[in-house]
Amino acid sequence: MTKRPSGRAVDECRAVSIETNFAHHAEGSALIRVGGTEVLCTASVEQRVPPFLRNKGQGWVTAEYGMLPRATHTRGNREAAKGKQSGRTQEIQRLIGRSLRACVDLKALGECTITLDCDVLNADGGTRCASITGAWVALAQALDKMGRSSALTGQVAAISCGLTQAGAVLDLDYAEDSNAQADTNFVMTSDGGIVEIQGTAEDKPFQKKEFFALFDLAEKGIKELIEAQNKARRK
Amino acid sequence: MTKRPSGRAVDECRAVSIETNFAHHAEGSALIRVGGTEVLCTASVEQRVPPFLRNKGQGWVTAEYGMLPRATHTRGNREAAKGKQSGRTQEIQRLIGRSLRACVDLKALGECTITLDCDVLNADGGTRCASITGAWVALAQALDKMGRSSALTGQVAAISCGLTQAGAVLDLDYAEDSNAQADTNFVMTSDGGIVEIQGTAEDKPFQKKEFFALFDLAEKGIKELIEAQNKARRK
Amino acid sequence: MTKRPSGRAVDECRAVSIETNFAHHAEGSALIRVGGTEVLCTASVEQRVPPFLRNKGQGWVTAEYGMLPRATHTRGNREAAKGKQSGRTQEIQRLIGRSLRACVDLKALGECTITLDCDVLNADGGTRCASITGAWVALAQALDKMGRSSALTGQVAAISCGLTQAGAVLDLDYAEDSNAQADTNFVMTSDGGIVEIQGTAEDKPFQKKEFFALFDLAEKGIKELIEAQNKARRK
Amino acid sequence: MTKRPSGRAVDECRAVSIETNFAHHAEGSALIRVGGTEVLCTASVEQRVPPFLRNKGQGWVTAEYGMLPRATHTRGNREAAKGKQSGRTQEIQRLIGRSLRACVDLKALGECTITLDCDVLNADGGTRCASITGAWVALAQALDKMGRSSALTGQVAAISCGLTQAGAVLDLDYAEDSNAQADTNFVMTSDGGIVEIQGTAEDKPFQKKEFFALFDLAEKGIKELIEAQNKARRK
Amino acid sequence: MTKRPSGRAVDECRAVSIETNFAHHAEGSALIRVGGTEVLCTASVEQRVPPFLRNKGQGWVTAEYGMLPRATHTRGNREAAKGKQSGRTQEIQRLIGRSLRACVDLKALGECTITLDCDVLNADGGTRCASITGAWVALAQALDKMGRSSALTGQVAAISCGLTQAGAVLDLDYAEDSNAQADTNFVMTSDGGIVEIQGTAEDKPFQKKEFFALFDLAEKGIKELIEAQNKARRK
Amino acid sequence: MTKRPSGRAVDECRAVSIETNFAHHAEGSALIRVGGTEVLCTASVEQRVPPFLRNKGQGWVTAEYGMLPRATHTRGNREAAKGKQSGRTQEIQRLIGRSLRACVDLKALGECTITLDCDVLNADGGTRCASITGAWVALAQALDKMGRSSALTGQVAAISCGLTQAGAVLDLDYAEDSNAQADTNFVMTSDGGIVEIQGTAEDKPFQKKEFFALFDLAEKGIKELIEAQNKARRK
């Protein structure tokens, strides 16, 4: 086994910090930093619901995801200029939306829509996981401001794990992510419930017991992220 | 525990049949039927590679997915008329492409592109899994025709499992899928390797042991699909 | 005069078969096969009308047309992926819609929309004509199911004729179509009425008497298609 | 039989005038007026061919069609603002292109593209026919300027005829066109060759002998348009 | 200082003429010619307002701008075919709209929308200024026809000035415009009010006193355009 | 005259700070804060030029502009999701590009493209001016890193001024901007050269002497911004 590029232990997360109120106007906001990855998450409340929910006495939570063109090592094309969102972008924002809806009682929310915008300012791997973890803080803050804290039924965070040359490791950075044999994302609640699991063999198939090892790492990582969320909330 | 809507046992797959050569012109084709779900999968070989692979001495395997407007209970809008593919469509075709690339040696393939088109003629749940299972047969047939059978390094199939009112069940149909508490898709090889795992809590988070139960069911289902593929290949 | 590529007589149609109920969910469906051309036609009934017909006490009949990417000898790009329907596609679906509206009493239909989706599974020339002929069967079946058979005021079918190296011939296949000097499509009713005529010189202009010869062939061909429709309806 | 709204005889064309050089920069241009319909046709020569013709030693002739938003009784939406050309626009520009290619020897033209832009300044029915008739004059002028007059192998014009309350009539204006039972367009050469025929039943099917009556009217109308083209060319 | 390409004096406008009623159907229309630049401006009145103005008891004035593909020296791509309007087009039509709204009392107009379509038939520089100047005439004519002349609260015209090899000059034509060091557009009222000023250094920054010299020229030019508008109105 | 909403003197700019290196990967970056407006400006260097500059031995400088959906008081739709950039966005990014090109010797730059991405994180008026002022710092930093400092031929900054209820004022914030009678933007160099001037009457036309008063204010503001740029550069 070789060492991780960052020198971290295999079960070591990167440093995490979450700063609220970076956005001046949003009902909730969190600027989350996980190592070199920085995502600005905002929660916006609007007094309308999508057409398929009209007059059903419930609200909606949805998400949009974007990456600033130069958040990455080489500049990527601006999706607004290309005229469409990539498949990757759509896949990620659907994941964020599903994950956050898993911890909100939409009936208790009432007829409104909360949109979680996750915009990556700097990318170093794990942007979708950081988005989910940060968006939960922004969402919780918005619900507090609305006086609907009771609609928040759970706490979710997300972490990636993978099989690399250093073996099964926790919280992949870009250098690891771009060379991993397998890449998995776990979205879990503070009480250990599974909200979403995605595992992909990048190069060759992997084995059941390898998957279970990644699962164990994820559970450790989720605990640390939950703690970082709580710390940001207490401030 | 209640019974499954179809009366099937919890670990019982739907009837599977795979008919090759339905498409007259394609290098490979498979019309797969899994219960009431029917997907026409074709493999098309073109002597070109995408820009990012030019002059690298390797080929490419990619997939596109579509659903005929009236494959479903109520008519869906035609994506060509709307002018864009939905996030769901893009997510599915990315999954199919990744899954099939996992069983091809792209260097052995040589400088060409194989496109797997998966078009749903009738939908009754599990269309993405049926697409992967059928596309593998079309792909294998195309590689045979090209005289590149050796580039095929594995055999993949896909099955869904879920938590329903009848408990953990194998191979969800539409009636189950639209009411499941959790929905998982497993893409696996004939020798038990994991290519892709996707698990989603639809309503409330689920537990690790529930996930493991679904995993066991999936392994049983994959074996049956692998057999159906082999049968179609022998014909 | 040379022989036709298929060996058919100049006034000989290809074998025609029409299979109903191929689509599981549609109110009406017909899988029409004309030689190597196969089109799945479905009729979908929706309880709404387009904006320009609201509150006018009448219904609407419209059509959409698509071709699976590998219905053809070489793979064509998927229109949903390109983000727009080609001029050819739009021209064909407008033709199908006009042709079917010619045999429906829209007032007797009532305030609903019937959409005829014609998707080409395999193409060997004459796909627009096969679409019209098949769509009529799907439409008739849907009207029966709705209890509105009386809104069906006529029976239409369509056939192509052309000037080829074998002279004026009936029902062009792809080999003929791609080399014809002139290509004409006739949409006619069972009692000899003209619904639509389209004639195009592909290479050099043609003469009035040549056009009349094509017209005579078309009348013969339409009779055979009407018979095939009736046979499918009787089943 | 009632009278025509314009008071014209059934076989009477509207006044036609064709003014060349209205466009300052184009290699050829014709502002054609047919009654209240005015179309500005320009021919633009570019030293390139579309990809499918590269290195084949031949040229290309194509057409684009547009209508100024307020060419019509009520303002239509600008297609550039809507972001796409309607099916009707595409159908018309494909027709114009085919019609003009029928009178050019593309090999004699050499490796260049001539684009015929037909923009309707004022519309009163028959805009597609006026476009073809005017575009031929612009095309001929451009070929003269290029010193390639010999590539012009024929002379085409187009006229509409229809079945109205006044019977079979020649050259429909808007008032007639919007109420006709059948609407037909004939694109023909100066020596009586057929380039394109399009006949559509708007309300109920029409009969073969009615179609032949329209054909006879068209032949008369084409002669008059050919004369107007010659007059414009002589100036 | 060298001479102007056209031989005009530095403070000399090109010949201006404005012809009303060129468009047959529009409530107001003006074909404006400024030297070799020709723009057809139409005013269309519709009994609706944009969503953001509903039930506010006021109307709206907006503009759209287009250029025929061969209005220019070399053919430009048709924006409707490209599927979007360029940044330049949008910038110009926003400018025209703002300029015309500056001389209408939207409350006095009542709940309707007037759309000014400015389509360039021939381009030789200064098309945006000619559009504004012509659109005002079309607008005034439409307000007269509506019996709402009192909603017209001012008279606007627009002119360009620039720094060229001949020094500060009035009313740039294309030859000057494409080589100018600075290009400025002034939209002003008949009583000397400023509606819009746009000044751009094309090559290197310019000085305050140069800008003032351009301003003085503009005031002279505006007077002449106002006179041309009045002349067209009197006819 | 009433007081300014912020209590500032009429000729008082908001506090300005410019932080470099906020973006981790870009060749140059500046996070500029002007009061409550925050824009992240990055400069990205790519070794290619647009098609129209190929083989001309010169480089290119261009800009793109975006606003995070919740940079504003109420959430705006994401342009990437809408599928196109608004006219406003395009107008602004064209302005930024022109302004920065005015201070670069494109021949000295060599064959490469520098793209300035200006993304608004928080908006409180004056975002286009802040973008230009910040982008200059990012551009200068990138040129330093490339060893091409000599290609930087000038220093530009931008400021808005307007006519408000407090009279002619410098550096409008959102509260002033949304109610101003006139809004002007000045892009100027450190030695007083004019790069771009845009002045718009929002409500009613304004007078020449008012415009000159705004011009004087702008010159004062530009000096302060130039100083802030220099301070950021020295760090």
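Should a chain be cited, it is by its letter among A, B, C, D, E and F, assigned in written order, with residues numbered from 1 in that chain.
Basically, a residue touches a chain if its C-beta (ideal position, glycine included) is under 8 Å from a C-beta of that chain, and two chains touch if they have at least 3 such contacts.
Keep in mind that what you see is a predicted model, and the values were worked out from it rather than measured.
Novice: Compare the contact pairs of A-B with each of D-E, C-D or B-C and report the one sharing over half of them by residue number.
Specialist: Checking each pair in D-E, C-D or B-C, only one repeats A-B, namely C-D.
Novice: Can you compute the centre-to-centre distance for chain E and chain F, using the mean CA position of each chain? Integer Å is fine.
Specialist: Distance between chain centres, rounded to whole Å: 27 Å.
Novice: In whole angstrom, how far does the Cα centroid of chain B sit from the Cα centroid of chain F?
Specialist: Their C-alpha centroids are separated by 51 Å.
Novice: Distance between chain A and chain D based on Cα centroids, please, to the nearest Å.
Specialist: About 59 Å separates the centre of chain A from that of chain D.
Novice: Return the residues of chain B touching two or more other chains; collapse runs of consecutive numbers into ranges.
Specialist: 83-84
Novice: Just say which it is for the chain contacts: an open line, a closed ring, a star, complete, or other.
Specialist: It is a ring, because the chains touch in a row that closes back on itself.
Novice: Spell out the part of chain A that touches chain B in their complex, as residue ranges.
Specialist: Touch residues, chain A against chain B: 84, 87-88, 90-91, 93-94, 98, 102, 154, 182, 184, 188-189, 192-201, 204-208, 211, 215.
Novice: Applying the document's contact rule, which stretches of chain A touch chain F when the two form their complex?
Specialist: 22-26, 29, 36, 40, 42, 44, 46, 64, 66, 68-75, 78-85, 89, 115, 117, 119, 121-122, 124
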